[in-house]
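Take a look at the structures below.
Two complexes, one shared chain (chain A), two partners (chain B, chain C).
Up next is the complex of A and B:
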């Protein structure tokens, strides 16, 4: 029927294989370039004692606050926060395919992903969005770290005038700030606006017992690339099921084959696992520190009886960028997730899942 | 933004039960993430009654408040005129007071001659067909092409397909032929749901659209971009002079929009503005496609004046 209509491109999954001991390893870059992280979980294929698991406690907090856009271009904000640390902000609205989204990425770029109506009233120069119907969304980028962005200059005055006259609406933002010295979450002074401070809380008591755990050593080395790809994708399925603690991977699961014929990738063995979970507006630096402590923990474990761990991170589906300022949108889904399988000798496998509308890769 | 441009308005809105039923449907639309709804009033025969549609009050929150998951939805009114007799004058022009009291005007032609007429000349925004039953005529390229050129949109209502299986079959086949003839252009998908049960979320409708022969991106346009075009088309038809200028009193501007009138007039006391003399000319921005259709409309109104 729909012969004359071309199908849109499909979602993508990138798999890479490397080691943290290599100097060219990209793992830090991958974590730090992904600014808007909504959800994190870490899986260990055994039960970890409570004093050891507290090694991974890494407190952070963020704010939920209603702000007008003019707040972001005030000199005090740029001097005290943008230039002396890492501020990340994302507006909470209906969705990037239906409403305006404002974001501030870790490099200090204010990104306005706007609907046609808002853009035409705004009066700032932007580019049409890469995705969606032709010329229905526009992206305006303002680099807050640029030297010419000072009061008195024409560009600054124009932006200020626009934020005071045309786009005066307040948006609800999630904001986190990490000082460059301490690399810890720090306070932001929002006066006169009322901000709600939210602590990111880690949940350490997630134990799944009697699950079937596949042998992840089979994809540790690439011998046959084609076969490795197939195996790696199957393992990714299993990671997904494990992260939602699905009953299909329980060792005593007896489900009607009409509902599911899933089997974990072979060879597998029964065992226990434990999870660390965290939801919120997680700063990338916190994730990087967690990654480091997980790989250190695996390497320093005396008996080497924990061969690997999995770190899953889910990005905000409606974020305007995924990795490294690459534009992101929402089609039928807005995935921008990544997962690391870290082995105890430093080897890791990285999965990056991206929705249809994404320019990364 | 997601639109549902056809929510049947209860015929006897005074009855409490029907009012709560309407509220239920609107609540569900908000929950699904729709941002615009149009209440539909269907008329067969002569246009003599005034607009019965009253917008629900609690949803008119100020649009300036930061948007979380608040209860707000833009409400429009729509009239659908069922035309059975081509020779009768239905008075479907913006000079008719009853017609201009509605935000959107739709027609439902019942035979081929009227369909051609509706596509070619009638001053409307939407052409709707009863797709739940067998159409009395084939949809042909010629008149449809004319309608697309004029910026008139065709409507597919999905609720009949949910109500029973016979009309589901008819609807899918009719919708497929419409998509084939229009090449997927100028189609909107609306609900026409009489109960809250018959409503579906936007992404489910996209999947439904793939059954009708569209791809996912086009189906998504049918509930977002295309509906926006319909609303814009209706606005230019109603509020503008020859689709070029519209007039608004200065007092309708909010305090933070006063810069639009220019520096010299900022001192005017808004409360005392003289409506006759000082009205503001507001330019309507037109995209290229819009411009073509506006020209057509301008011609039509010229003809009528002659």
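Up next is the complex of A and C:
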């Protein structure tokens, strides 16, 4: 209601159109700059044989571990992991609007998104958060790759003192580490803390039969920009329904129009689809490799009977940043998701959905 | 630890000035007459007049009459009183009366002050229960206490520990162990100090009075919600 909100709540959806063959294409950057990925699914508009689907098997694992913050600024950790690969960590707490969230992004910045109480006890300099009531949350950023962050320097000693004396609480973290050479998930030595190793599980056996699939070639090229926008948004609706395998897109769906009048965007045709699903703390490099193998698979397919594929990624709703250190919050929903429609000639359409509290645009 | 109430040191007791201290001169006739006269006049009312004489009258100076001062003397005294001059606040600032010179910013210099404060606060604490002691602490003197900033709006104040050397209306001035003086505003900060095995917390926002006023002020219960 407008009594409580100065302006209506707006979620954002950014749609862009490009091709991976272009040198300026941002797709790699978009995937790699989005560090905290919770959920991934890939949709093909046909049923793919089990040998071929194993092309997309890209194992990864991550850890769930209780750590004090002082662990992150130890020299060994910074030398062995932060500087020799890509460590990503996110604390699992109640929510970004009520509790403290600690995150380590892929560039080696430790981000502390703190409540006012914790910030006032911590003793490190930060900035008030962009969202929420004025000056009730604060963001402290520590660049672990900075050269001056070495024992003996004042800044380092201050951070160490604060983590040893004021914020000694342990947080439950999800941590993944990819070595820069192999680009595969690698082990982290957590001693003396007990870590639980979790494998990311891919689910290949998701087949939707008899669904209505719209012709995505109609938004492949932009002729009329205004019409294209409308079509693209409609398609995005359909992608959402497909990803939850809704019954509204089944070809035999006979729903009472009182409940739903949804029709897939025209022209559509009945067909079968298959899903690859994955949940967990997915490293962005893994997603990038999956993206590459999907586009390669589409281009190398002999019959060219798979014209396109959809890759959906859902970010953690309570992550303190969305893309590239842009601050993120949770108001009505903490959406920070993106979807790619990849065509077999390398063209792609990118959707980026963001909640109200996000500075990325 | 030095004791506040110990007897005077020997070198003072043996000094020339102390030896020259003599009872007031009394003439021979008075010395003979007074005891007999006093004991005789109170003999009928008390049982042991000799004891009363020894405790209340012997070696004491008493004025037996109360002479009126002449008006001239009165005038003189009034003029003398008026001549007592105090410094104005501006003069105090200009002469830097209350500033602590830089060469005195040394932790060791103030350790005796802290020891003195410990004696003082122990005595104040006595056997009182925490509630009453809290009331007493409101009016206590904190010069010499080791205070720590535990919570503050300004991040760089947090964690500073030192001996309080000066308290003003809005400031605590602390000397830290690395011999530097830190001025910390009372507002927007919470201080703690340790006494025996108890930790006490001072809410700076509610403490913003000069120590002299604080000693006589009546405090009311107020909730501390926010810094």
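Here, the second predicted complex is superposed on the first by the 354 of 361 C-alpha atoms of A that agree within 3 Å, B and C clash if a C-alpha of one lies under 4 Å from a C-alpha of the other, contacts with A are read in each partner's own complex, and residues count from 1 in each chain.
In the analysis below, a residue touches a chain if its C-beta (ideal position, glycine included) is under 8 Å from a C-beta of that chain, and two chains touch if they have at least 3 such contacts.
Small disclaimer: the values here were computed from a predicted structure and weren't measured.
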item	value
Clash or fit, chain B versus chain C on superposed chain A	clash
Partner with the higher number of touched chain A residues, chain C or chain B	B
First, second, both or neither for A:66, with chain B first and chain C second	first
First, second, both or neither for A:124, with chain B first and chain C second	second
Touching partner for A:171 - first (chain B), second (chain C), both, neither	first
First, second, both or neither for A:331, with chain B first and chain C second	first
Which of chain B and chain C A:244 touches, first, second, both or neither	neither
Which of chain B and chain C A:136 touches, first, second, both or neither	first
Partner chain(s) touched by A:162 [first = chain B, second = chain C, both, neither]	second
Which superposed partner A:207 touches (first chain B, second chain C, both, neither)	neither
Doubly contacted residues of chain A, that is, touched by chain B and again by chain C	120, 165
Residue ranges of chain A touching chain B (in the complex, touch as defined)	1-2, 4-8, 66, 92-95, 97-99, 115, 120, 133, 135-136, 165, 168-172, 331-332
Chain B residues within the chain A interface of the complex	1-2, 33, 35, 64-68, 176, 179-180, 183-184, 203, 206, 210, 213-218, 220-221, 224-225, 228, 256-257, 259, 285, 287
Contacting residues of chain C [partner chain A, same complex]	150-153, 155-156, 158-159, 227
Contact set on chain A toward chain C in their complex	119-126, 161-162, 165-166
